[in-house]
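Multiple structures follow.
The following pair of complexes shares a single chain, chain A, combined with chain B in the former and chain C in the latter.
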Partner chain A sequence: MSALYIAGSWAWRGVRSVLPRLGIYCCVVALMCLLLFLNMKSYPAESMLETGGTHLSFGDFLCAAFGGVQPFDSTMNSKFNLPTGWLCVCVCAIYVMLDYPLRDLKGVGTNLLIRTGSRRLWWAGVCLWICACSVLLWLCTLGICALWTIADGGSFSLGISERVPESLSFKHLLLTLENPVVPSSIFIIIPLALIAFGLLQTVCAMYLKPLFSFVVVLAVLFFSAFYDASPWLLGGCLMICRFDTVTAGGMSPLIALVFVLFCICTLVVGGYYTFKNYDIKGDPS
Partner chain B sequence: MVSLIRMEMYKAFHNMWFIIALSILVILAVLTAINQIIDRASELLEVFSILDIKYMPYDVDSCFRNWLSLDAYSLARFFMLAAPFLCVVAYAWSLAQEEKSGYLCTALTRIDRKNYYIAKYIAVFISGGSLIAIPLIINFAILVCFLPMYMPQIVTAHYAIDIESVFGHVFYNQPLLYVIGKTIFDFLLCGLWAVCILALSTVMKNRVTLLIIPYAFLLLLKHLGTKIMIMLRASGIEQVSSFTLFDQLPSMGDYFPALWWVTCLCMLFMFIFSIVVPWAARKRDVL
Partner chain C sequence: MVVVEDLCKKYRGTPVLDHVSITCEAGKVTGLVGPNGSGKTMLMRAIAGLIKPTSGRVLIDGQQIGKDIFFPKSCGLLLEGPAFLERKTAYMNLKLLSMIKRKATSEQIRQWIRTVGLDPESKIPYRKFSLGMKQRLGIAGAMFEEPDLLLLDEPTNALDTSGVRMLIELVQEAANRGATVLLASHDNNVMHSLAHKIWHMAEGHVDYCEEIEPASKTTLEDGGAQ
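And then the complex of A and B:
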């Protein structure tokens, strides 16, 4: 058996085992789209026609899932409101990739690892599995948004309708542009950011436990929502409203892409060296 | 029964998960207090230099205003976001784990199932509640050492506490009593939330799923609740209240206040849930 085949088959087994969790994620994304849809339909039809039509576009539904929140401005004497919708989608996404590698390592995974005799191969399998899960999560999101767009009769454009930022609570009086557009590079940045989060979680789980690595990722997501529109907190790359096509002075998609790639490379290398010294029989619980 | 409760309490307070969860929350509480003290000190030095005085003038920035429960800034908000998760990480999963490992089968040959559940219920309730109460007390104790206990004045409009929220009216008359009352109230809320997860553990076995799905559900409930209440308010209904832990644990909610009677109803619901689910699963085979 070739090394790639072994890593691939391990990753495929992992993908199949997380399908029920993927179902939960899809339900949550569909619910977010439904909430946006109901919220927009609750506006009077006349006011919607004035602001550019009553149907929601593909970009609007993408914002329902990954819209995010504007950075908190403490000088404006306002309260910070938790972006619960965005946080809920992200929590469900990271839950899909939370514990499979270490759970598997307590059972069949150990036997596979001994048979192949290569820790590098196991780590390659984990990386492949995280990539597959992230791509699957993103494809599900796109599919659900596309279905909602078709159901509502909207267009497949990436433009954001005028009332959507207000409805999703990411409108900033000073920062949000007049004609915001979802950047097309989001189709690469979001799946890559999900991969980075999956890797971060797995590496943290090797040092801590999967549940405490979840707290670490939750902290990164929270502080990304709280602090300014820089890509240095990875969560910013999962928020459409933080990009410069939506927010004045927002982050450039190119910088976000470079940063996410840098994070992935660091985590792949760091994860490999962590796993190299990881005691696979150390914790029987 | 007493020895059973004592044993469960020992297990609850001496396990690694409890210690790690408590450490995280205490560190956050201490950092929040330090952050507030540094901020207030720098503001005070500025006032000293501008007004050329050497005493502390009357200020709304008392230890009450800067208390963790009333703080609306980053670390305090993260504390309130992480608390519902960490208070169940401590011990609420133990029943599922004991059933999985086979410990429960051995224990139930010697102890009545009902008594065992009651002992577990008490231990989970107290450990879950302690996880929020201890950091809140530590935070307040640190603040009291550095900031004055000025009486909060409602006319200054610097306090976002709604008079309709839990103990809202006490805050402006007896602020210290408010701190004690709110700490006990948060203890009860987190304790009840932890026993709800314990109740769920009679039907769900995977520890990660058991702890994360209810948390994601809380987030979803908050999001749904906010959207529904915005619609209700738009249709002219003014008396709306938040009904999730994220708004009930701090003294003020994000968008809407958590009215005291809605919070009490939520507590009653959690109590009933924690009794009914294990009662429905009382005849389930543990083997």
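And then the complex of A and C:
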């Protein structure tokens, strides 16, 4: 049997095992879209008409899930707003990819691993599983945003309505561009960034317990929200408002893409060498 | 043949395996005996390639685990109780395992399930099995591909008398066809009726080795299964 088929079937079994968690993620994304929708409808209709219409676009709903928050700047006497909505979406996405690989190794996975005779193959299966989960998460996000756009009768443009940044707390008077647009490269960058976070969490889980690796990833997300619009904190790549099509002086999508790809390559190689020496103890925890 | 040479494993500075050296010959059953926490399971995990030794080495037919090979090439494993997919039947679980090496046919899988006293046509999922049924399936899972190396950790757990008798027959058959069998058990009767050599472990090291003379071997009828 081909190695790819074995790794693929292992990854497929993993995807099926995380479907309930994926359901929670979808509910959270739908809730964020609902909150944005209700918030926008609370504005007087006249003021909405002045600013370009009463319907939310596809880009607006994408911002509801992955809008993020403008970087905190202490010199501007501004207060740091914790992006709770964005954090909820990201936490649920990361939770989907929390512990399946190592949980599986404590059960039937050990027998499968020994039969394949290769730690390399198992790690390939983990990488495939993380890719599949990330793509699935992103497709669900797109699907939910598309459904909301259709329900609201909005357009499928990537433009961001004028009131949306304010409503999502990522409007900064001095930074937000006049006509912000969701960068089209986000369709690649966000799923890749989710893959990078999934890999980071899995690699950390081999050194720490899965729960602590979850905390590490949360810390990276939090600091990404707090610190400047640099792609060097991976969480910035999951925030639409950090890109230069939304924020003046924001990060270039190309640089973000290169950085995310670099992170993925490093984590894939680092993860393999970590797993090569990883002790499979099988303690029931 | 399995050769363990001066094997050490430490966790956070605490030795769990302390300069362990044992040999297990092909075609024979080697026993591992010792109190809880003496390192039997950890030693089996090291032989299976699941843990990396701090020092020392494990050789399977001359090939070093972790250097020449990741895992033994043909290994059946039952460690700390069986582990299968909860929602699948006995047949589906073994079928899944068999899909990797494709050594066993569907009919052979069914026959192995019958051999351990279960019904291959049953639609009952694994999660609804009793402890004894789970253990029986675990034994089938370790043996159905007729591996060259068989690592069995407490295989008599939760088995009734007929289950123990079945296990002894299967282990003897495996040894007769040339497999290397390493068996850890607290059941003295089973150990003495099967093993040719018993390594006694305590606190992570080997205390002594007991050679069992064929004439002194007990049978279930002599000692009875526990």
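Here, the second predicted complex is superposed on the first by the 281 of 285 C-alpha atoms of A that agree within 3 Å, B and C clash if a C-alpha of one lies under 4 Å from a C-alpha of the other, contacts with A are read in each partner's own complex, and residues count from 1 in each chain.
Everything that follows uses one rule, which is that contacts are C-beta pairs under 8 Å (C-beta built on N, C-alpha and C of every residue); 3 or more make two chains touch, one makes a residue touch a chain.
It should be emphasised that the depicted structure is a prediction, and the values quoted were computed from it without experimental measurement.
Put chain B and chain C next to each other and count what each touches on chain A; the higher total goes to B. Once the two complexes are laid over each other on the shared chain, residue contacts for A:Leu267 go to neither chain B nor chain C.
In the superposed pair of complexes, A:Ala219 makes contact with chain B only, with no contact to chain C.
Once chain A of one complex is fitted onto chain A of the other, the partner contacts of A:Ala132 are absent, as it touches neither chain B nor chain C.
By the touch criterion defined above, A:Thr116 reaches chain C but does not reach chain B. In the superposed model, A:Lys281 lies in contact with chain C only, and not with chain B.
Look at A:Ile144: by the touch rule set out above, it reaches neither chain B nor chain C.
In the superposition on chain A, A:Val108 makes contact with chain C only, while chain B stays out of contact range. When the two structures are aligned on the shared chain, A:Met206 is found in touch with neither chain B nor chain C.
With the contact threshold set out at the top, not one residue of chain A is in contact with chain B in one structure and with chain C in the other. Interface residues of chain B, counted against chain A in their complex, comprise 20, 24, 72-74, 77-78, 81-82, 85-86, 89, 97, 160, 207-208, 211-213, 215-216, 219-220, 222-224, 226-227, 230-231, 234, 246, 252, 254-255.
Of all the residues in chain A, the ones that touch chain C in their complex are 1, 6, 9, 106-108, 110-120, 277-282.
On the chain C side of its complex with chain A, the touching residues are 45, 48-52, 69-73, 75, 77, 79-80, 83-85, 93, 96-97, 99-102, 141. Residues 24, 28, 31-32, 35, 38-39, 42, 72, 74, 79-82, 84-85, 87-88, 91-92, 95, 98-99, 210-212, 214-215, 218-219, 222-223, 226-227, 285 of chain A are the ones touching chain B in the complex.
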